[in-house]
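First the structure, in the form of structure tokens, and then the observations on it.
Chain nomenclature is as follows: A, B, C and D, assigned in order of appearance, with residue numbering initiated at 1 for each chain independently.
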Amino acid sequence: MDVTLVLQGLLSGLLFGGVYSLMAVGLTLIFGVMRVVNFAHGDMMVWGMYLSYLLATRAGIDPYLSFVVSAAALFALGLLVQRGLVDRVIDAPHEMQILLMLGVALVLENLALVAFGPEPTRVRSPLGAATLWLGPVFVDLARLVTFVVAVLLTVALSLFLYRTDLGRTIRAAADNTYGALVIGIDVRRVYAVAFGVGAACVGAAGALVSSILPFQPPTGLSLSVTSFNIVIIGGMGSLLGAFIGGLLVSVAESLGAVFLKPSLKELVSFSLLIVILLFRPAGLFGKRTS
Amino acid sequence: MRWAVVAALAVLLALPAVLSSYAVTIFILIFFYGFLGQAWNIVGGYAGQLSAGHAAFVGVGGYTAAMLSIEAGLTPWVGMFVGAALAALLGAIIGYLGFRFGLRGFYFVLLTVAFAEICRIAVSNIDAIGGALGLYITFTGDPRQFQFRDGRVYYYIALALMLAATATAWAIERQRFGIYLAAIREDEAAAEALGVNALKYKMLAMVVSTFLTGLGGTFYAFYLFSLQPNTLFGIPLSVEIIIRPIVGGAGTLLGPILGSFILTPLAELSRLYLGQGGLHGAHLIAYGVLLIGVVLFLPEGAYPRLRRVLQRSRLAPFSGHRGSDERSHAAPVAGHPRSEPGDERSHPAPVSGHLRSEPGSRPPPQKTLLVVRGLSKRFGGLQAVAGLDLAVEHGEMLGLIGPNGAGKTTVFNLLSGFLTPDAGDVSFRDRSLVGLPPHAICRLGLARTFQLVRPFPRMSVLENVRVGALARHPHALEARARARDVVERVGLGAREHVTAGTLTLAERKRLELGRALATEPTLLLLDEVMAGLNPTEIEPIIRLIRGIHASGVSILLIEHNMRAVMALSHRIVVLSFGEKIAEGTPADIANHPKVVEAYLGDEYVRAAPA
Amino acid sequence: MTKHRLTRRTFLKATAAGATVAGFPLPLRAQPKTFKIGVIHPVTGALAEPGQACRLGAQMAADAINAAGGIKSKGGIKLQLIVGDTQTKPENGRVEAERVVNRGTRMLMGSFDSGSTNAMASLAQQRRVPLLIDIAAADPITANVAKSVKDGQQKVQYVYRNFPTGSSFGRKAVQYFNEIFKEANASPKRVVLMYCNDLFGQNQARGFQAAHKAANPSWEIVEAIPWPEPPSDLSTEVSKAKAAKPDVIAPITRPASALLLFPEIRKQRIELMGIVGPGSPGLYEAGQLAALKEDLEYVLTSVPWANFKNPKTNAVAEEYRKRSGGKTFDTNSGYSYDGMFVIADILERAVSLEDPDAIVDAMKTTNFSGGLMQYAGPVVFNELGDNPNAISTMIQILSQKPVAVWPKEAALQKLVFPRPKA
Amino acid sequence: MSALLRLDGLEAGYGDLTAVSGVSLEVRRGEAVALIGANGAGKTTTLRAISGLLPVRAGRIEFEGARLDGLASARIVARGITHVPEGRQLFPTMTVRDNLELGGRAADRRHRDDALELVFTLFPRLHERERQLAGTLSGGEQQMCAIGRGLMARPRLLLLDEPSLGLAPVTVKLIFDTLQRVNGDGMTMLLVEQNVPRALQLSHRGYVLENGRIVLEGTRESLRASPHVKQAYLGL
């Protein structure tokens, strides 16, 4: 086996992991707080991508700036979905929550189809084909930047959750709803904010990777599946888990492509998922819930 | 009801004569998805295990039958069963992994999705079975090849499949299997405590469900003549399979069919109305909004709502039937209602019940029934039970007391198999219980109740108790008769058709007791059956427990109501911080300084001379 | 005729009262002056883009035919399209076909993806409604039917295709590769085939590899690298291709994967004589060119292409651009456009429009040369029901515009190979 | 002394179960009042109704002369009542300090620091474990943390539900000594407790609940002397 190829695969996979990590952060946040599995996750992300695409093509705003707009728009959407829909079925059977979010996903996907048409697109990266060569292997600068952003976002979210009062309130409500009620936390409001923040992360992530991942309206499904994969492997509700899980899945797929027929590379990540589910269902960094 | 079913069937059988072929096609899809939904319902609805990868079983079934037909010339009439068997095998593997490793809810959803995706990717990469290109079956119109020129034949086959799956579900629902599945879905731990081998029944449900789903694969293949991994193993098909039963009402017999009758035509209608114009996608937006609407306005699904509406409108004509319920409702709760003359019963109620009807089989009384030695359990930093020794003699009523947090309930969990001890041994009728699952322990004759009562809330009182009775009487009708006796005995006869979720606390306590009693135990562990009851409720319960004991059941009880414990127990064991601090007759215990201290504090001992 | 407004009642009529419809076609209406054709494509879902292009192409053709006086030999009867959406699901291929047939269509056209098309084909055979496949490349769709007719399991073949099949695509691509290399006086040795592992990509790749094996040319396929479609990342795949030290990378992409593949090839600085693909639909779209810009320069790919030497093509392409909001008149819109004209030609020649077998007879004897696509000859149907003259064209992106460069008779510009060093 | 809290004919319950009915009691400023009774007597229900965690079905609750019933729990906390619930209900994956600060999050930073200092003075053990996750504390430490969290909001009334539950006698003594100190400093308390002697030692007055009704009320001394109390617990 070609050593350069393995090294390059490892490096590319690791850096691309930043994209995966960004994808998973919002999902894990929403699940961690509300125990709601957001099946519309990928479709929300696609909306974040389209918003940054619009801003890039119509107003010439770089995705590395416009992600703020995507985040704000998705925050509003998240708030709306939580207050208007999820909140009403929080006690309904599991399958009803799934059905609800599937409905939301279907609406979002096809609204995108109506609004933006079916063709796949991608925001032209301001970094273009910029690469940094280290001997025989290269670093893709756009990915490097995304990786750094993923680290920054994870750190920023951690600071928000661990260092601010609102963040701590969110964690408290996630940790023990009754305990939160007892000390006078307005849990419904906290849930709405948390869903909003989670959705905002999804929007920001969409914008930030819109120059790396091509997208079209049906892309949402595969984004959702990949994100679930990452979040389960990393541990539902854990930010660090989402970050490390993203790197892990990306490296696994990249090495899968090196050693197997690349069209089989997703077998590696799904097998990893199954192993984790069976032997460590709480994920690598998840907390055991009794 | 029966006539409604017959009439509906007659209409469905006659319809193709007057329908256009397009309408026939729509009905075929309604039946086909009703069939797949019903198949899914057995594991996803009745057993409550949400599989979101059912497309994989359609794929395995369809590919197998198609390959056997294309490569080996085997008629799909046979191939469909081979395919279904393979689908069931895959279902068994996935089910075993999921259930054995305790994956529930969303985790099971993802496990099934992951397996389906693995199948999809694998099939896409195997050229020998068509790869991503898929398989193309030639239309020949040869009935031996499962092909028909007349679309109405497919109509009848799809209808037959749907009816067969529904009949299967109906048969399951009425038998022990289905009752157990419902119990597992409602509360798996409580079901285990009543002798239900949850793993076994969930596996069975998975196998039956995936076998049927596999049959559907053959129909798909030979109706559409085209098999591609992305359509047959993909997530979208899995979603199609699950949304109909969920919309119709998961875990109900007619829910999947109703769901299909609602959603399939609506999908067609919305495409017809909204799919023609320039706004591509508008019809799917409408469909999504519809799904959201169902969740918000029919949160349990359409069928349960429909049933309630029908029942309400039927109330008047059928009041004769319901009236008897309401009459007996008025009977004193703790009395012995329902002994009106002329009230026929297949089994006359054993009044001073000897529920264990085979006294001859009772083990010789000289041996100790339950022996516990050195039992220990630690949770993290907390030593919940420390080296406990305990014995229950045949025919004994032993009280287990101690302050809150002393470890009493942990002891019960260790004895009944819900927890595995870190050390020590439990021997019941000379057999070690360590390592046995709760259902096996229950079947050996050791039954328990839960401190926080865990009725199956959506089942009636009688159905709740029947779950217990099925442990000894596998026949559903016989178990029902037995359950009725027990229900009478615990004083809920007037309430037997009431949904357990709506009972008062006192009634739920009785129900909890009745359910455990229905498993016909040799030893009954009662965990605070009187907590939260008022004195007028407690007295009859004490009488009831005495009666159970008199019928030959040994009892170990945890109780906070000291008056009751003192009155009932032959001996009492006192636990504090996981250790036995005293043991003796009620009189010994009441004056044991350590006990008074444990309960009331050392100051009390000093302040109040005994 | 006024636009058919769909109400619940008409839906019910369409379904429950189907028997009436079958017995007395369209009661209460004047004898129709239209011939209804069911046109079914995936206009939503993953293949919505090409599906929508097909629908528009077919509609434009029908408009043109009607504007020119309809089917003249049949008293100027107008074509009326009844459209359907498969969502890329075979079951909808069947349901939609049933629906449009029920509404009185006497011919079918469709349906882009091979799975739905095969479901339609079986229905066409079952209901005896002639089907012209405008696009769908899987060989078995027509071959299976032809075989069952030959074996006597069926009497008549109702399924015909005016589109290259997977295997003919492959043969043509290998032929073009040889001719281009020869024309350019270059002799690349090592070719790496990279393809999306979906139905389309695998079909093309298999055809290409089989044809390569059969032709045994001087160049070698040193590695075949498939990726899952849609991919999220292709960097390792491209690194793998690079490690194989190729002279030529031969990609088979979909529009989504093209957006990843071509920048990646440039980024990894692979020393290549060029990128020459056996088929990448959509590569030439304005949107793709805008998103990929220089990454596409000099890329050659073999796709079914319109004959822009024909002035009529340019006019239609211009109209298409207007009606589609700026899209290229391409494989999809073009073959659906031509398909409708082939149908019109068949209807002109058919002895009767009432009898499906009469339509089939006219289909079999088709010899139509009015198509706008690049053909190797007139549209004819061979014993399998395929058009052997449906071929692809080698196009190249030159100065950010897709231009036909091979075969010579189609070439508008001279091809550039090997590509100039950057 | 005026009544800080007054309950008048309170009725509350779960589903179709009425857990307490016709409960009337009052707590005066600076007092510690015990609510005692057997399991299921309705003590916890009463506390939950006061702090807005359970809807009040009938009757009224007044705090500092204003109606409380019908308010959301967040509003009630803001009015100056905190609830130290049964089972502690800490945030197990958060640090002790986080737990405490969440209790005092309504106050500004400086007041919060003062409150924190006060809690750490009362429970030096919590100071030592400041950075430890609450879920890893021992039972006694958890109880201290729960009480500390309640005090962080600087309430005018502290509701305590079974602070001695499952704790070793030494720890119980420590906690009750601390509570006594807090009460001595002027904190009004309403205490639900099974450990009757402890409860009576701390409280000035007490109410005995049985089956959702108050059956006895009186001063510490009168309750201690009452045979009813011992009977309720030991069944003697």
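Here is the rule we use: contacts are C-beta pairs under 8 Å (C-beta built on N, C-alpha and C of every residue); 3 or more make two chains touch, one makes a residue touch a chain.
These numbers come from a predicted model, not from an experiment.
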Pair joined by more contacting C-beta pairs (B-C or B-D): B-C
Gap in Å, rounded to a whole number, between the CA centres of chain C and chain B: 53
Distance from chain D to chain B - Cα centre to Cα centre, in angstrom: 40
Chain centre separation (chain C, chain D; CA means) in Å: 76
Approximate Å spacing (C-alpha centroids) for the pair chain A, chain C: 36
Sequence positions of chain A contacting 2 or more other chains: 110, 113, 118, 217, 261, 263, 266
Shared-contact residues (touching 2 or more other chains) in chain C: 44, 48, 52, 197, 226, 228
Contacts with 2+ other chains: residues of chain D: none
Chain-chain contacts as defined at top: A-B, A-C, A-D, B-C, B-D
Interfacial residue positions of chain D with respect to chain A in the complex: 51, 53, 72-78, 82-83, 85, 89-94, 98, 101-103, 105-106, 149-150, 153
Touch list for chain B against partner chain D, complex: 380-382, 403-405, 502, 504-505, 528, 531-535, 560-566, 577, 590, 596-597, 599-604, 607-608
Sites on chain B touched by chain A in the complex: 44, 50, 52, 97, 101-103, 105-107, 109-111, 113-115, 117-118, 121-122, 124-125, 235-236, 239, 242-243, 246-247, 250, 279-282, 284-285, 287-292, 294-296, 299-300
Footprint of chain D on chain A - complex, ascending: 165, 168-169, 171-172, 175-176, 178-186, 287
Chain B - residues contacting chain C, complex: 18-26, 29, 121, 124-125, 127, 131-134, 136-142, 149, 151, 220, 223-228, 230-231, 236, 268-269, 271-273, 275-276, 280-281, 283-284
